[in-house]
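What follows is a pair of complexes built around chain A, which joins chain B in one and chain C in the other.
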Partner chain A sequence: MWQIIKNEWVYLSRNKTLLVVSSGFVLVLLVAVWLGHRQTQEQQQRYELAQKELRQQWENIDGMNPHGAAHYGTYVFKPAGLLSSLDEGVNNVTGKVLRVEGHVQNEIVYSEASQMQFVSKFGKLKTALLLQYILPLLLLFLAFHSVSSEKQNGRLKLLVLQGAKPSTLVWAKTLSVWSYGMLLLSLTFLVYLLFNGASLNAEVINRSLWFYLSYALYYFVISGLTVLFSARWQNATIALTSMLGIWMLWTIFLPNILLTSVEKWHELPSRNAFQAAMKEDRSKGIDGHNPADDRSKELEDKTLSEYGVDSLSQLPINFDGLVMQADEEYGNQVWDKHFGNLRKVFTQQKQSYQLAGILSPFISLQNASMGFSASDNLHHQEFLAQVEHYRRGFIKTLNDKHAYGGSKTGDWGWEADNDFFKSVPDYEYNSIALNSVFGHYIPDLLLLAGWSLLISLLLGVGTRKMQLI
Partner chain B sequence: MKGLSIFLYEWKHFVRSPFKLVALLLFVVAAGYGLHNGASLYEEQLAQIQQIEQQIEEQREEYMAYYKEGKPGPENAPWIDMSTPFWSIWFNGTYHFKNPSPTMVYSMGQAEQYGFYKRVTFWASPYDADMTKEIANPERLQTGTLDFAFALLFLLPLLLLILLYNLKSMEAEQGFLPLIEVQTAAKYTWLLSRVAFYVGLVFLVLMGLLLYGASLTTVFTSAAGGFGQILLYSALYLLFWATIYYLLLFNGTTVMGNTLRMVGVWLILAFLIPAGVHQWVSIEKPANLMTDLIDATRDERQKLYDRPDSVIQAQLNDLFPEIVDSPVARDSSKTSFARSYSASAYVNELMKESIAPIEAENQVKNKLVRASYWFNPLTYFQNRINRISQTHYDDYQAYRDEIQGLIDRQIQTMVVDTWNEVKVDQEKFVDYHKILNTY
Partner chain C sequence: MIQIQNASKSFKDTTAVKDLNLEVGKGEIVGLLGANGAGKSTTINMLLGFISPDSGTVTIDQLDTTKKAAEIRKRIGYIPENVNLYPYLSGLENLDYFCRLAGLKYKKHELQEVLNTCGLQPEAHQQKVSGYSKGMRQKVGIAIAYAKKAAVYLLDEPASGLDPLASNELSDLLKKLAAEGATILMASHDIFRVREVCHRIGILKNGTLVKELRSEEVSANELESLYLEYMKN
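For the complex of A and B:
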């Protein structure tokens, strides 16, 4: 088998058209990796500058009432992950700016896509675009006549007469085409590593390896299936057109149709309905029987008895701060309920879409690619959850200062000093560890592995009765 | 061989090619599905707007009751006085909608990137958080919904490719070409006739699909011009690809070679060029993190409040000359109160100032995209179709401008009437509604 693979490579290296196409592809790939790297750097710089500017404003607060500061709030900007230079995922359509303030969990706003007119349906010239759409086509063009041409010129019969098994031959052809894909994929990674060498860490390497594995499996499916068609069909043109049809179905039709359908099966609420339901819960209580005033009275009685005094004015603390925090905690339950429902629907949508990988391995590849690049919706939701976690700590710090900082109930003019504001921790983005979300991508990997296995079986079974001429 | 005979032979060839028939069928199914998606978004937006309008109407009825009952406002909010222009306008429930065009059935464009309803108050801005898009799965937004425009712009070239890929080259490979030359005298006219047959066939299919799309919404009754424009651009786009493929077939000699070249051109025009332009624009003008707008909504706004009364008054007088000699301006005991009610006026000016550079930057990006049209035809056609379906960036910019106009009008009315001590009764409340809701 190795001899056939070697011969194939010698043949491929002599094919001038292939050399020209490969050179062109490598050039575009290099440009894509470089542009992706440049864009990520640029974005990161802007992110750091903006975050620094906002922090400076916060630290420059000379004196302000803590509740006033909760309304003043701060902002968090969505950072560009290192791997988003490979696959940008949803980053173009999700917002970039998230306001962190008291009383409310805001939504992320100002997406890049909303800041200009339409440009490209398939996103930017990122590595993933080339690896997902273009490289498989190259493999397809390389493989569609790999066996049929041997049939047409009679070499196949000769090889079989010399002792080569048809299945070995087909396997060797598949592996040689696949190895061409792997060469280009490896080259991409090499260039990516060269550009990002300084920022590499174990997490990035771990993610990159899974990213690499996903593409390797997909390329095997494409190479194997095309070679199989080439072996089964008498005519290379039929093999090519059939495979092109499958490629279109897998990459253009099914992802679009199925993702749209999935969103209809697991429906998301309209913004208006979502906001109205939260407002309703916020005012009436989660179960509808616990109005805000009753809760406030209950807290007042509890606090007075705790401090052993009869009126709020006798309290050594500022009761308003306690009310604010209690209200905040109640609000958190409301946000958890409604934003939790949203996350649940997103999860259901994702799971259904992942199953669609049974019909199209491209869907599994796309999911895995975005997931391992930390740029899919799951990572976006994790980022939002992280910011919300920060918001809750941030507001609690301010409310605690309001309650226990030295002011009395009703003293809204009291101000915390600059040292306090400087001591409030800034938001720090913790990149999401792959280990914590890896389970979500197992279905995609299993389906890609399943497809590879199926193709391997077909290569074995389907070529047994292959016509030699 | 006469043109008609060529057409008839081609028809026979077509109906005997299952691959071509299936491709055409798939295209019709995909485009039909896309039309239904467009119609569904149109219906959803209309229903949402209707629902909000109903909610506003109910709320307005509630507030109207205060005038009928002679109450100043809700009992649990004693600071509210509905007889003042400030509170009356605040509770008038002004919303502004971007009503979807029936031609949305053909292209959803950027409709899912933006909000289409907005409560307009004198503290509002077209860049408020509630102007963001509807809740949607970002992965679906990224992949894009299959609408008719997608089928037209991306799948139509593939359909044409499948219909045309073996024209002439198959005859050349099988050695029939000299025979055809003898029969037709001009083999390229023969090729042109065959290509024309498929162009005609696809045009008829497109026409059928467009008519079907029109039946899903009210295109003919309220946007007949849009139908004509979509038809025109569809035909131009079809001719564009037919010409490219004709030239490739004209110069090609083998089926495989032609197929590879046709797919190559499709990949370059549909994927590489638009993606490259997108990347380039993103590097030239990265996403705006809106820090200037954030400054305006916090620190800069606070600075405005902290200015001396005389400076604030001078600005208000500049903005609204009608208040200079107003009853409140002449009564020093009332000016402070009226000035505080008028704060939204100078904050609005600040917001407009900070929004202007954001919009200018967006326009620079749009200019960069437009500059690429001569080598980026897909983006050109998509944007043209988005314009026709009123789902283009510019349509949403116009919507934002309208919102700003309504905010300005609301502030103008509130400030001038406050300084002129206008007493609002039921009739005036209704008048406000008419004035402030009409754009």
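For the complex of A and C:
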């Protein structure tokens, strides 16, 4: 087998057309990796700068009512993960800036897609685009005539007479094409490592290895299936046409059809309906029997009795702060209920879409690629959850200051000093460890491994009755 | 030694070979003459083990070519009408590659010696095969079989499209191989070349061996007349 692989590589290295195409592809790939790296770096620098300025502004507040400060709020920027320069996943459509303030959980804004001059299905030049769409096409064009050409020019007979088994030949051709794909993939990683060498850590390396493995499995599926078609069909054109059809089905039609179907099966509420339901729950109570006024009255009675006084003016604290925190906590319950439901639907959608990998390994590859790059919806939701957790602590600190900082009920002119604002912790993003979410990507990896196994079996079975003449 | 006994082969409704009996001994060259579709290539493919006869037996050195295909193939050298080598490799590299596939590792000078023996000019050894003439490729094809130390050579229209000089060189080479003890079966359209090279000649028509004779029994012209007579009837 090694002799055949070696010979295939001699062919690859001596084929001028292929060398030109490969060089062009490598160049584009390098540019894409560099652009991705530069964009990630610049974005991170911009966000860090903006975050720093915002923090400075916050720390420079010298005398402000804590509730006023809650409305003043702050901004949180979604950090660009190191691997998102390889696959930015949903990041360019989900937005990157989130305003954190009292009373409301804002939506994340300023997505890259929303600021694009034009929208294209394939978007801008990205590494993932090349690795997921173009490189497999290159492998396909390389493999479709690998065995059929041997048959068509009668060389297959000579090879078999020299002792080469058809199955060995097909495996060797598959591994040659696959190793070509792996070379380009490895080159991508090498350049990526060169750019990011200083920032690498165990987490990034761990994610990179799984990312690499996912692509390795997918390239094997593409290489093996194309070589198998080339072996089974007498004519190379039929092998190419069939494989192109499958490529289109896997990468264009099935992902779109199945994603739309999954979204229908597990439907998300419309934005308007969702916001109306939130508003209603917030004013009327989650169960519809606990309106805001009643809740407020209940809190007043409880506080007065707790402090043993008859009126709010007698309280040693600022009751307004308690009301606002209670309202905030109630709002959090409403948010948890509705966003909990949303997250449940997201999870159902993700799980169903993952199963679609049974029909198209490309779907599994995309899921795994985004997941291991920390740029899929799951990581985005985790980020939103972290920000919401921060927001709750942030607002509670301000409300508590308003309530217990020394002011009295109705004293809206009272101001906290600069030391207090400096003491409010800034948002700090805790990157999501792969170990904590790895289970979500096991189905994708298993499906890719399953596809590879299936192709391996087909390579064995399908070549048993291969026509040699 | 090649032995074909009562072998028949049909493809759907077409009979390719019918009750064929043929023997080719060690050191002997036998030519099969026949028009297109006469069954020459089917006979060779049965000997190569790529096609099984529907009835009868096809053996090489008493080994059944269908049941012992792998074993048989080690002993066979096959030279098709067009020896399609790898155009991006040189003649020497092609020979080396095909030898290695057969599990044979030769040193460079040994490979060069084989190519020389098979008549390929030394200056062509390192040239890419893409620049070779058909005759040069046929020589490398024979060199592959020779390096394998094939006991049996099966040639399917080997001289087709060769210029007279190349064709003559091929004839000399085959005679040399036979003199060294090789068993050679050659299918061809070329009556004169077959008459000149082969010890015995068989004429195939519609899958049936209609005539078998020794080449010294007839002149080239007589053979041509005989062949045409069989083809017309």
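Basically, the second predicted complex is superposed on the first by the 467 of 469 C-alpha atoms of A that agree within 3 Å, B and C clash if a C-alpha of one lies under 4 Å from a C-alpha of the other, contacts with A are read in each partner's own complex, and residues count from 1 in each chain.
Keep in mind that, in the parts below, a contact is a pair of C-beta atoms (placed from the backbone, for glycine too) under 8 Å apart; a residue touches a chain by one contact, two chains touch by 3 or more.
Small disclaimer: the values here were computed from a predicted structure and weren't measured.
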{"item": "Chain B versus chain C as contact partner of A:94, first or second or both or neither", "value": "first"}
{"item": "Chain B versus chain C as contact partner of A:425, first or second or both or neither", "value": "neither"}
{"item": "Chain B versus chain C as contact partner of A:316, first or second or both or neither", "value": "neither"}
{"item": "Touched partner set for A:159, first chain B, second chain C, both or neither", "value": "second"}
{"item": "First (chain B), second (chain C), both or neither touched by A:413", "value": "neither"}
{"item": "Partner chain in contact with A:270 - chain B first, chain C second, else both or neither", "value": "first"}
{"item": "Between chain B and chain C, more extensive residue contact with chain A", "value": "B"}
{"item": "List of chain B residues in touch with chain A within their complex", "value": "19, 22-23, 26, 30, 33, 37, 44, 48, 51-52, 109-110, 113-115, 117, 127, 129-130, 132-146, 150, 153-155, 158, 162, 165-166, 255-256, 259-260, 263, 267, 270-272, 274-283, 285-291, 294-295, 298-299, 361-362, 365-366, 369, 379, 382-383, 386, 392-394"}
{"item": "Residue ranges of chain A touching chain C (in the complex, touch as defined)", "value": "3-4, 7, 10-11, 14-15, 153-155, 157-164, 468-469"}
{"item": "Touching residues (chain side chain C, partner chain A) in the complex", "value": "45, 48, 50-51, 70, 73-74, 76, 78, 80, 82-86, 88-89, 93, 97-103, 141, 144, 148"}
{"item": "Contacting residues of chain A [partner chain B, same complex]", "value": "28, 32, 35-36, 38-39, 42-43, 46-47, 50, 53-54, 57, 72, 75, 77, 89-90, 92-97, 99, 106-107, 109-126, 129, 133-134, 137, 141, 145, 236-237, 240-241, 244-245, 248, 252-253, 255-257, 259-260, 262-263, 268-272, 274, 342, 346, 349-350, 353, 370, 376-377, 380"}
